[in-house]
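Pasting the structures in now, so scroll down.
Both of the next two complexes hold subunit A, though its partner changes from subunit B to subunit C.
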Partner chain A sequence: MTHTTHTAPPPGPPAKTDGIRRRAGRRNHVPPHRSWRQHPLRRLTPWLFLLVPLALLITFTYVPVGNMIYYSFTDWDGVSPDRSFVGGDNYRELVTRPELFRVFAVSLYYLAASAVQIAAALYFATLLSFDLRLRNLFKGILFFPYLINGVAIGFVFLYFFQDGGTLDSVLSLFGAGGGHAWLGDPRSANTSLAGVSVWRFTGLNFVLFLGAIQSIPGEQYEAAELDGASRWQQFRHLIVPGIRPVIGLSVILAISGSLSVFEIPYIMTGGATGTQTFVIQTVKLAFQFNKTGLASACAVVLLLIILAVTWIQRRLLPDEKVDLV
Partner chain B sequence: MGKKSLSAALLTTTAMLAAAGCGGGGTPGGDETAAAPLNPKSVSGTIKVLTNRTDLVQDGTLKRYAAEFNKKYPKVKVEFEGITDYEGEVKIRMNTDKYGDVLLIPGAVAKGDYPKFFAPLGDTGSMKDEYRFTDKTDVGGRTYGIATFGTADGLVYNKALWKKAGITKWPASPQEFLTDLKAVGDRTGATPYYTNFKDGWPLSSPWTNSIGSVSCDSRASDALADTDAPWGQGTDLNVIDTLLYDVVHDGLSEKDPTTTNWESSKTLLAKGKISSMLLGSWAITQMRDAAKKAGRNPDDIGFMPFPVQKGGKFCATLVSDYQQAVNIHSGHKQAARAWIDWFTQKSGYSATEGAVSALRAAPMPATLKEFTDNDVTMVERSEADTAEVNAIDNAAEIGLYKPDYRQKLVDLARGAQKGSLKDYFTDLNKRWAEAEQTAGS
Partner chain C sequence: MTLTAPASRTATRRSRVTAGTVLAYVSLVAASLVVLVPLLVILLTSLKTSREMADGSGALTLPHDWLNLSNYATAFTDGHMLTALGNTAFILLFSITGTVLIGSMTAYAIDRFEFRLKKPVMALFLVATLVPGVTTQVATFQVVNSFGLIDTRWAPILLYMGTDIVSIYIFLQFIRGIPTSLDEAARLDGANSFTIYRRIILPMLKPAIATVVIIKGITTYNDFYIPFLYMPSEDLGTISTALFRFKGPFGAHWEDISAGAVLVILPTLIVFLFLQRYIYNGFAQGATK
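The block that comes next holds the complex of A and B.
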């Protein structure tokens, strides 16, 4: 906060010093800096700057969330101008219908996939943090999938997994074209979809890790090398402890991400063949069966589950202060 | 300190918003009928027409209709808004007052809510003699919408392909249909039936619309409101879903249903790579276009009724497509009504589309020539109890007009999910019966 306010007061540097000097000349007993600091307008400046982002945040995040929480206590069907308040009925229905939570089993596929994803990202980030030929090209290649729109990825991979599609033709080059229906049964479909999500999100984790690794001072590697540490030992005792907070963040994102998977399965299978996730189920309750109230309650419950999981995780694995130096 | 006051401010705002979230509501008092003007020259204003036919907006067809319309009503300006995701978007817009002057009634709007959204068009008693499908929008004796067109239920098939396989007669029972499909598959190498599993909708409405084709009963769909076993032995849904199960189970459908594509399936059928699909008569025109584009003979595309006979005759349900209605908040109700009347009676839209006109007096379209020639009984589906049926259907979360439950049926049939058809029907019956208890009252 203090950091922003230092740079905050307009206008540009020369004019500013002029202004302060002139004012300082008038009441010569106060040091120039203090006077502007105590000025009431000065406390307002950060708020003026925050006005636009806050307005956007409130309009597009807090108002809808507030509305959603309100809907979860009504029996609204999503269209009708009338809705009646039903208290906790929607939540009661959720608790008495355990089959609505069975879809979380699908999340296990994505959870397993995110473990693979973090491992792969960590591997590539470590590799590319060392001096390597064409490393910027590889960085680009690895990060590129994350830049593509999720809907486009869904369509691309639909053709990829099609009968006789890209995957089948590549496999048949190696003589392994079995004509397997990749999205044909629940196990294979969920594995394939989770694979797509690994492909998409590895780039993001990779960039986070790479940034953290590069912030480790170079002298430490030199010192480690002088002490005769191998690459693995450098990774184990220097890099991993150095980027621990980022790994922790990635794990939290991975867990909350796998609980709320939506885009890729919704576009590719629409939740058919046992690929339905909790969010797809919620969307169907709201927009197919017109149970907006119940669906809002589902969304609130999902939010609470994610908050709870994150809280437990923070309790079990508290963030240690990184202290390399 | 600054941090604290910020979070406090946020908390207060959130709490306030949560409390204030209960906006909306309130019904306008517009009870007046949207009547057509007596003198066409007197009515004026700009009306906005919402449509799902973005293709007709883009290629200027609708503009040409509007120009024709202006010859009779010179002072009315008609604007069109084509919406790709019609259902999803209009449903949300209907939370405000601004959802056009003329619109197609979205499926999500509960029938009982029609009087809150749309201006009545007249008494059903007098309108039903002139128009088909009025009971679909009849609430309390008044009609709220007029169908753009209707379609007959049936199978689109490649006639040349079936002839090549040596089949010239329509199959008259599900068993015959399966035998014929097998023969087509064996003798021509084509995919006998294409489910369009991935796109979903070809599994939902075409199959559910066949309720009534099986029993030849116009009230078969209404009867769902008072049964606790819609999938019981011998019922329409039992026959329909068993047929779909058998087609897939016997390997007569596409190899990998999870990656199907509707647009390309049209060309595949036209080229004879696919032999049949259960759709509606609306699809015939599109298939013939696809045949023309693929350099094939459009007359190869045939249309046959659902493979069941009742008393030695085929039946086909006639169902209404989208219905046009007038926004109750519209400032130009007369002009809006004039457009609907002109569009239904004078535009020739349904004939161009090869669909059944909403006017009783209009002849059957050329696309249904095979049906009229072969004396297929057209059963206009009664919609008297649709509201109750939909309420039960939604409460049970089955979705007769949604793909999910038939996608599961196909998965069971091809062994992708474990379970038997009998158990599935028992489960569906149970869910329906339970929902009937809660939603029916």
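The block that comes next holds the complex of A and C.
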């Protein structure tokens, strides 16, 4: 908290003096032999441009993170003016009350879904990297769900899983009996919701993979063909190594995404029947039960986990730059 | 797929390709059906009358009247979609303009100037990408609250503007490709830094601006979490939160809810059809930063 505010002052005062000096400088004219590069104004101008961006960055990212850490050691309810310091009590409560930590089990469904999603995306990206008829149409269809409004997706799939809804009707076409309450018990509800997440996000991974595959030079395929490599061998030895950085990135996005699922389960079930995720729980603690202190502790834990995952990724894939553009 | 006793190498290849191609198309068509069927069923449902919905004929039956738009009228008026559209447009306009200005100014300052603390400033932006927005809302809410902005449209506008580091990266990447000789030439003609930013950098950044506008536009249009938290009033609904509120009053009236969902999806579909190329590139760029 305090260390971030130290960085805030520099943009303030120099910016003002710079504005004045700049006007003065223009009137007097800069001596022509002195290049702009050495001019003192040059040191101050960047701060003018950075003033607003830095102020917003600090106000809406660093101040909240700092406050959140501070709140997590208090019993604040988010409203009353007084709060008292309770040390690590919130963290102790988080670890010792099993129902608070159990929500992480729900993430496992989404983690499994991410694996399916990445595999499917890889498969379709490989397929469509070859010349197929209607390639752009298929590409568009596969990607489009990623662009759809989350609330609309929630309703589309509420109807999909409803008793007598889309899924039951499709199943009865194939003679399979309906009547299963898809969102009725925790296991099937979480599987269904994780399925929605696959439906929604496969398109993004697919487009990322496809872009990466297409940036592999065409001569490499020709060489492989000449060497008699099969499609599978090409995939295994040419495509996968070529797009490894993007796969690594997708895995990280998938892990942090699985831990911070909110929208789809919140819209579809509101966290009922065992579908509550960590973020839904945090939001409820903070905004329904006014337990800002405890909710902050939850958020800090989640932040630490996500930072740890990112750090591990950086260690595992050092220097591998993801560069698609 | 299982081919036996190939006579020659070329024969194997040709037949494997055809079998493989069939399988490829089968899987692509299957995947397309998985994507499209849930959406098409919603479209069908939106055209049915409440009586058709009640007769228990199932979700896959076709509506009697393909031009029955009464559910759309209900969704549009009773669902307060017009207000929502206005609010979303207002937020889009300001947050996108703000994002473009902030992102390009930051990129200009970082790429074109040498100054002390440049490294720490870059690190500040870099580290911020690691902080997922969902986790910090508990405390961000209090910051927004202290400005007295809860339940105003300025709360989401400021948050969308202030926490978008992805577009800063898109601008930064693009600005590196603009030759500095242009700046130098303008500088010799007596232009100051602001004029250079305004007259040279900003126009040259057009393709990057297009990318940012598209990504930012779609993600803002689709965002649910921030308007839901910061604008609880009914008359401050955005497209997402207004649709979310269908859940209560329309109860089990799936024909109305479906019409609402179609109304929300339609603009996205139109934008996607017209701007496909930009959208693919934009989201690929955005996700890899």
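Methods note: the second predicted complex is superposed on the first by the 249 of 325 C-alpha atoms of A that agree within 3 Å, B and C clash if a C-alpha of one lies under 4 Å from a C-alpha of the other, contacts with A are read in each partner's own complex, and residues count from 1 in each chain.
As a working rule, contacts are C-beta pairs under 8 Å (C-beta built on N, C-alpha and C of every residue); 3 or more make two chains touch, one makes a residue touch a chain.
As the structure is a prediction and not an experimental result, all values here were calculated from the model.
Peer 1: Could you look at A:306 and tell me whether it touches subunit B, subunit C, both or neither (first, second, both, neither)?
Peer 2: The second partner, subunit C, only.
Peer 1: Report for A:211: first if it touches subunit B alone, second if subunit C alone, otherwise both or neither.
Peer 2: Second partner only.
Peer 1: Which of the two partners, first being subunit B and second being subunit C, lies in contact with A:67: first, second, both, or neither?
Peer 2: A:67 sits against subunit B and subunit C alike.
Peer 1: So in the superposed three-chain picture, is A:231 touching just subunit B, just subunit C, both, or none of them (first/second/both/neither)?
Peer 2: After superposing on A, A:231 lies in contact with subunit C but is clear of subunit B.
Peer 1: Once chain A of both complexes is superposed, is A:77 in touch with subunit B (first), subunit C (second), both, or neither?
Peer 2: Only subunit B is touched by A:77; subunit C is not.
Peer 1: Given the superposition on chain A, which partner contacts more residues in subunit A: subunit B or subunit C?
Peer 2: C
Peer 1: Look at A:189 in the shared chain and tell me whether it touches subunit B only, subunit C only, both, or neither; answer first, second, both or neither.
Peer 2: Only subunit B; A:189 stays clear of subunit C.
Peer 1: Does subunit B (first) or subunit C (second) touch A:155, or do both, or does neither?
Peer 2: Second partner only.
Peer 1: Of the two partner chains, subunit B (first) and subunit C (second), which one does A:246 touch, if any: first, second, both, or neither?
Peer 2: Second partner only.
Peer 1: Have a look at where A:260 lands relative to subunit B and subunit C in the superposition and call it first, second, both or neither.
Peer 2: second
Peer 1: Need the overlap of the two footprints on subunit A, from subunit B and from subunit C, as residue ranges.
Peer 2: 46, 58, 62-63, 65, 67, 71, 78, 159, 162, 165, 287.
Peer 1: Mind pulling up the subunit A residues that touch subunit C in the complex?
Peer 2: Interface residues on subunit A, with respect to subunit C: 7, 10, 22, 26, 36, 42-43, 45-50, 52-54, 56-65, 67-68, 71, 78, 120, 123-124, 127-128, 130, 132, 136, 138-152, 155-157, 159-160, 162, 164-166, 168-170, 172-173, 199, 204, 207-208, 211, 228, 230-231, 246, 249, 253, 256, 260, 262-263, 267, 279, 282-283, 286-287, 292, 295-296, 299, 302-303, 306-307, 310, 322-325.
Peer 1: Would you mind writing out the residues of subunit B in touch with subunit A in their complex?
Peer 2: Counting only subunit B, the residues touching subunit A are 2-3, 10, 13-14, 17-18, 20-22, 24-27, 88, 91, 94-95, 106, 108-110, 113, 116-117, 197-198, 200, 255-259, 394-395, 397, 399, 402-404, 407-408, 411, 414, 416-417.
Peer 1: What does subunit A use to touch subunit B in their complex?
Peer 2: 1, 46, 58, 62-63, 65-67, 69-71, 77-83, 158-159, 161-163, 165, 179, 181, 183-186, 189, 269-274, 284-285, 287-291
Peer 1: Quick check: in the complex, which residue numbers of subunit C touch subunit A?
Peer 2: 9, 16, 20-21, 24-25, 27-28, 31-32, 34-39, 41-42, 45, 56, 58-60, 102-103, 105-106, 108-110, 112-118, 120-121, 124-125, 128, 130-132, 134-143, 158-159, 161-163, 165, 168, 173, 187, 192-194, 197, 218, 221-222, 224-225, 229, 239-241, 243-244, 246, 254, 257-258, 260-261, 264-265, 268-269, 272, 276, 279-281, 283-285, 287-288
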